[in-house]
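Quick one: this structure, given as structure tokens, is what I'll be asking you about.
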Amino acid sequence: MSTPLWITLLNIFGVLIATVLLAAVLTWGERRLLGFWQDRPGPNRVGPFGTLQVVADMIKLFFKEDFIPRFADIPVFVLAPTVVMATMLIAFAVVPMSPSIGVADLNIGLLFVLAMSSIAVYSIILGGYASNNKYALLGSLRAAAQTVSYEVFMGLSLMGVVMLSGSFNLRDIVDAQAGYWFILPQFLGFIVFFIAGIAESRRTPFDLPEAEHELTAGFHTEYSGMKFGMFFVGEYLAVILISALITTLFLGGWHGPWLPPIVWFCLKTAFLVALFILLRASLPRPRYDQLMKFGWKVMLPLSLVNLLATAGILLWIA
Amino acid sequence: MPIETAPGLEAGILLASTLFCLGLAGLMMRRNVIFMLMCVEICTNAAALMFVVAGAHWGNADGQVMFIFVVTLAAAEVAIALALVLQFYHRKHTVDIDQLNDLRG
Amino acid sequence: MNYLFYLTAAIAVLSTTMVIFHRNAVHALLYLVTSLLAVAVIFYQYGAPLAAALEVIIYAGAIMVLIIFVIMMLNQGDSTVVQERAWLQPSTWVGPALLSALLLIQLILLVSSAPFSAVRAFHYIGPKQVGIALFSHYVLAVELASMLLLAGLVGAFHLARHRKPETGRSGNAN
Amino acid sequence: MQGLLAWVPLLPLIGFLILVGIPLFYRREPPESVITVIGVGSVGIAALFTAVATAAVFWQTPSGVVNIALWQWMQLGELKLGINFHVDWLTLVMLMIVTGVGFLIHLYSAGYMRKDPDFRRYFAYLNLFIFAMLTLVMADNLVLLYLGWEGVGLCSYLLIGFWYKDPVNGTAACKAFIVTRIGDTAMAIGLFLLFYEFSTLNIPELINAAGDPGADREIITIATLLLLGGAVGKSAQLPLQTWLPDAMAGPTPVSALIHAATMVTAGVYLIARMHPLYTLSETAMTAVAIVGALTLLLAGFSAIAQSDIKRVLAYSTISQIGYMFLALGVGAWSGAIFHLMTHAFFKALLFLSAGSVILSLHHEQNIFRMGGLYRKIPFTFLCFTIGCASLAALPLTSGFYSKDQILLRAWEFHQGFNSLWLAGVLGALITGIYTFRVLFLVFAGSEGAASRHCKDANTPAMTIPLAILAILALLGGLLTPPLQAVFGTTAERHPAAWVEGVAIAMPLIGLGVAWQLYRREKKTGEQRSRVTQFWFSGWGFDWLYDHLLVRPFNMLARLNHNDMIDALYKGTAAFSRQLNTLLSASQNGQVRWYLATFAAGSILFLALLVAL
């Protein structure tokens, strides 16, 4: 099957631009939704319903002085924010949005996503390290430990899905969910992956690397201007990526009645993104040791149980 | 399914050898324990590369299986080694491997 | 000719060279990550996608993070660069470099003299095949690996506990 | 009834264990009466059991044999050894001697050793000795016998050195132990040889196997000679006799029990027990006879020259055991055992009487400082005289019957006049001389220096055994043990009357000579001629061994003071240390250095690979 080059290019750039724009819009959306749930207005001055707030923020970020501290490790300081954006955008390449939209049909798509998310953590670590600031360093230390820990059962929780579909290919996984969504047999896996996804994208309640009460702003304390913007956008990209992945893996991807596939995909993803924001709006932040304890003593056993049960049932049925 | 575009076996072996020798050289010339640890990783990785190349050459999965074991080994080794480094630093307040010669004859 | 392979190989070799000569630990580590990513690409070219993915996830994503974590914990500051400069005099590195070069030459000689150019076909081996081999023929080795990991876990936990060297006893409270 | 026999050796063992274990339960030393009850009582009950068993089992059936299997000791391939007892009349005679005489001597010891601070230790050793001796005589296999053999050797060592605070006693104990060890080594080799040849060490089986016509006679000869070596060591025969005179350092009852009545006759018992093997080898028989003949003469002459009362008795013991060996050598098995029995009676009597004398004279042992004691300690004098008469084999005493039997057998064995018989007759003369020499020197004549302070030290515990032994020494000749079942009967032949006449006459001549020579001996001191000096020193054997063995050994030891052979090992050690220094230099604790050497090694190895 050979697709014309222009379709391929359209696909690539379409996904790229769409995700970046979505992430940008999400900065506004999140604040609006937070405001809605917390009974306050949110951004409502620029444009109708404050929709142009995004543009205003962009202008501000682009034109702000791009300050690099004298004591920073400059090459690493510059490199750090790009990593998160790059990896997140690359990870989108393997996410199939509809039967026809999707950049790469990779055999090991799922592993690829995991690989990208594990590379993304460098962004935070390096940012914190290069800032040469103790708050930043503490934040990045937390991030490193947290990410390495939660990555373990993030991967493990997906293995049930892989077992059910028999493939790492995300398109195959979506196809396998034509009859029923994997959230039903893999509910435990879904829960674990969802929580691990929050931790991976360092969203509240697991935003300890940037806990502003203790560490001012954590790893990006010293960042400003567009570098900060990249961290910022990277975080939203991560939220969207995790949501899109959950959609793909557990919620049947583009499958759904009446509406076109891409619409279904977007709806499901949007719902999950809203869920993320709702969590941020409602949940407090745990202590760091609670976070680690929760991870290793609750999530890991849960994911192992899920893995074992799935494998056992599959073998029993076969 | 064979891959025609793959590079040759010799190329892979040479790359692995080169990486291994680089790692060995680093291991011998660095005094900082952390750098030595990194060099050990280079060597391990070179060995793993050799396995994968050979496995691909002979067309069976054993190469990648061995790669997985190498990675397992590396993970365990790094965990222990880093714990040792921390202890070392706590006790001697340096990362100089040359200071760690209490077992000299 | 396969230019992609030579490009990635060159990146791997260059970044590895940077690792062994660089004075800043974090920079060296970043070069090492680069090298590992390059090797992952090479794995992919050799038809081993699972190895490529694991290389990135485990090597680059976990092991290297662990090392950088420890580097940051030790946090020796700017003095490290000075210290490394002092430690990395030519008198220190020429001998090892010569030894390694000698070894490399020997290996090249060995490889070039070996008669294994007949089969040039490489095979794509997917995760499924690897998994089948791993859990059928090598299942005992998997068990052993799990033992190894457990031993590593317990060992690291025990070793990394911070004890006062002068008392030397395992603390009763912590 | 058979169970009683098993208890016979166990009772002294129990006594020993109780006596040794007392400090585990009581902090204070128990009173002497308790120790006496335990120590003497255990042996007394054993003697009683022996008597009962004899009366019940054996009296009617002289050919009876009782086998008692207690338990398996060890099993190694073909070697099956049990703690098993084999009791026939030979054993029974020995049992009666050991328990009976042993009991009497125990009783005497209770009086003799009174107020000794180590009273408990003494009786513990004595009980242990009785146990070991009983094991020796009752064993049905040679290894168990050997266990008892070594056990009595150990007890002998412990008791000779009983008063260990005097170094002389310790030296004497060591000498006894080492000299007998030489014989024991020969015996052990003999056992190995027998096992190698016959694959058994059970005595009846061994005798059966050796009786087989196909058995290798040379092996039997060598083995019996080796066993003879053991017997020679234990029974203080030539050339290993030197330890016995020195063994008199122990308490006198010990000399009576161990070094006169029982232990030293173990060699005689061994040969008698193994006699079917000896009959198969003329060489061994001849060797036994020659050893006996030479010993009895040499020891007899030495006894004439001694000045210490116990040493006289010691040499006489050697001499009398020589008689027994002579008897064994000429096939007079029952005669040997009969003499063993009577000797046990009169020699125990003599020693105990001598002990009484010594105690009365406040530990004076030099006969030249005694004299005229017959008035002061008449009972002891009476006992000693009976003992002397029996020893010298005056007619109608027990010694006469047994010795006469030996001399007659010696005459018969070689069909008439022969050197062995002549030696025996000459020995009888000498026996008469030295026996009565002691008697006259001690009890007759003028008073010596020590006699003036004489005070009769006899207590009832001492007089009762003395009286019983005196009766036995006089009348023991009537108790001919029925040993035909063990040794078989030999045709009675009556030699010429003059032969018997000579045997009767010799002790009397000896008595006369002694009367002439020693009746009026001056008690001032000892002036010895060169010959008597030579005899005094026991024919110079001590001197000979000193120069032949001890001094060269000491010289070698001095030469080797810095360990010539050790130099080899020291050199090895020094070499290792040098290597260690060398290797330590490479072990410099530098990981990078190790790595570099590792890399260099790899390079060399690969170079080899490339070159090939």
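A, B, C and D are the chain letters, set down in written order, and residue numbers restart from 1 in every chain.
Keep in mind that, in the parts below, contacts are C-beta pairs under 8 Å (C-beta built on N, C-alpha and C of every residue); 3 or more make two chains touch, one makes a residue touch a chain.
The model shown is predicted, which means the values in this text are computed figures rather than measured ones.
> Which chains are joined by the largest number of contacting C-beta pairs?
Top-ranked chain pair by contact count is B-C.
> Just how far, in Å, is the C-alpha centre of chain D from the one of chain B?
Whole-Å distance between the two chain centres: 80.
> Using the average of all C-alpha atoms in each chain as its centre, how far is it in Å between chain B and chain C?
Whole-Å distance between the two chain centres: 4.
> Using the average of all C-alpha atoms in each chain as its centre, how far is it in Å between chain A and chain B?
The mean C-alpha positions of chain A and chain B differ by 32 Å.
> Need the CA-centroid distance for the pair chain A / chain C, whole Å please.
28
> By residue number and range, which residues of chain B touch two or more other chains?
If we look for residues of chain B contacting two or more partner chains, we find 24, 27-29, 31.
> Can you pull out the residues of chain A that are in contact with at least two other chains?
none
> If you look at chain C, which of its residues touch at least two other chains?
50, 54, 62, 66, 73, 95-96, 99-100, 103, 107
> Which pairs of chains touch each other in this structure?
A-C, B-C, B-D, C-D
> For chain C, which residues are in contact with chain A within the complex?
Contact set of chain C toward chain A: 24, 26-27, 30, 33, 49-50, 52-54, 56-57, 60-62, 65-66, 68-69, 72-73, 75, 126-128.
> Give every residue of chain C touching chain B within the complex, in rising order.
Checking each residue of chain C against chain B gives 2, 5-6, 9, 12-13, 16-17, 19-20, 25, 28-29, 32, 35-36, 39, 42-43, 45-48, 50-51, 54-55, 58-59, 62-64, 66-67, 70-71, 73-74, 76, 80, 83-84, 87-88, 92-93, 95-97, 99-101, 103-104, 107-108, 111-112, 116-117, 119-125, 129-130, 132-134, 138, 141, 145, 148-149, 151-153, 155-160, 162-163, 165.
> Of all residues in chain B, which touch chain C in the complex?
Answer in residue numbers: 1-15, 17-19, 21-32, 34-35, 37-39, 41-42, 45, 48-49, 52-53, 55-57, 59-65, 67-69, 71-80, 82-87, 89-91, 95-96.
> State the interface residues of chain B toward chain D in the complex, per the touch definition above.
Where chain B meets chain D, its residues are 24, 27-29, 31, 36, 97-98, 100-105.
> Taking the complex as given, what residues does chain D use to touch chain C?
592, 596, 599-600, 602-603, 606-607, 609-610
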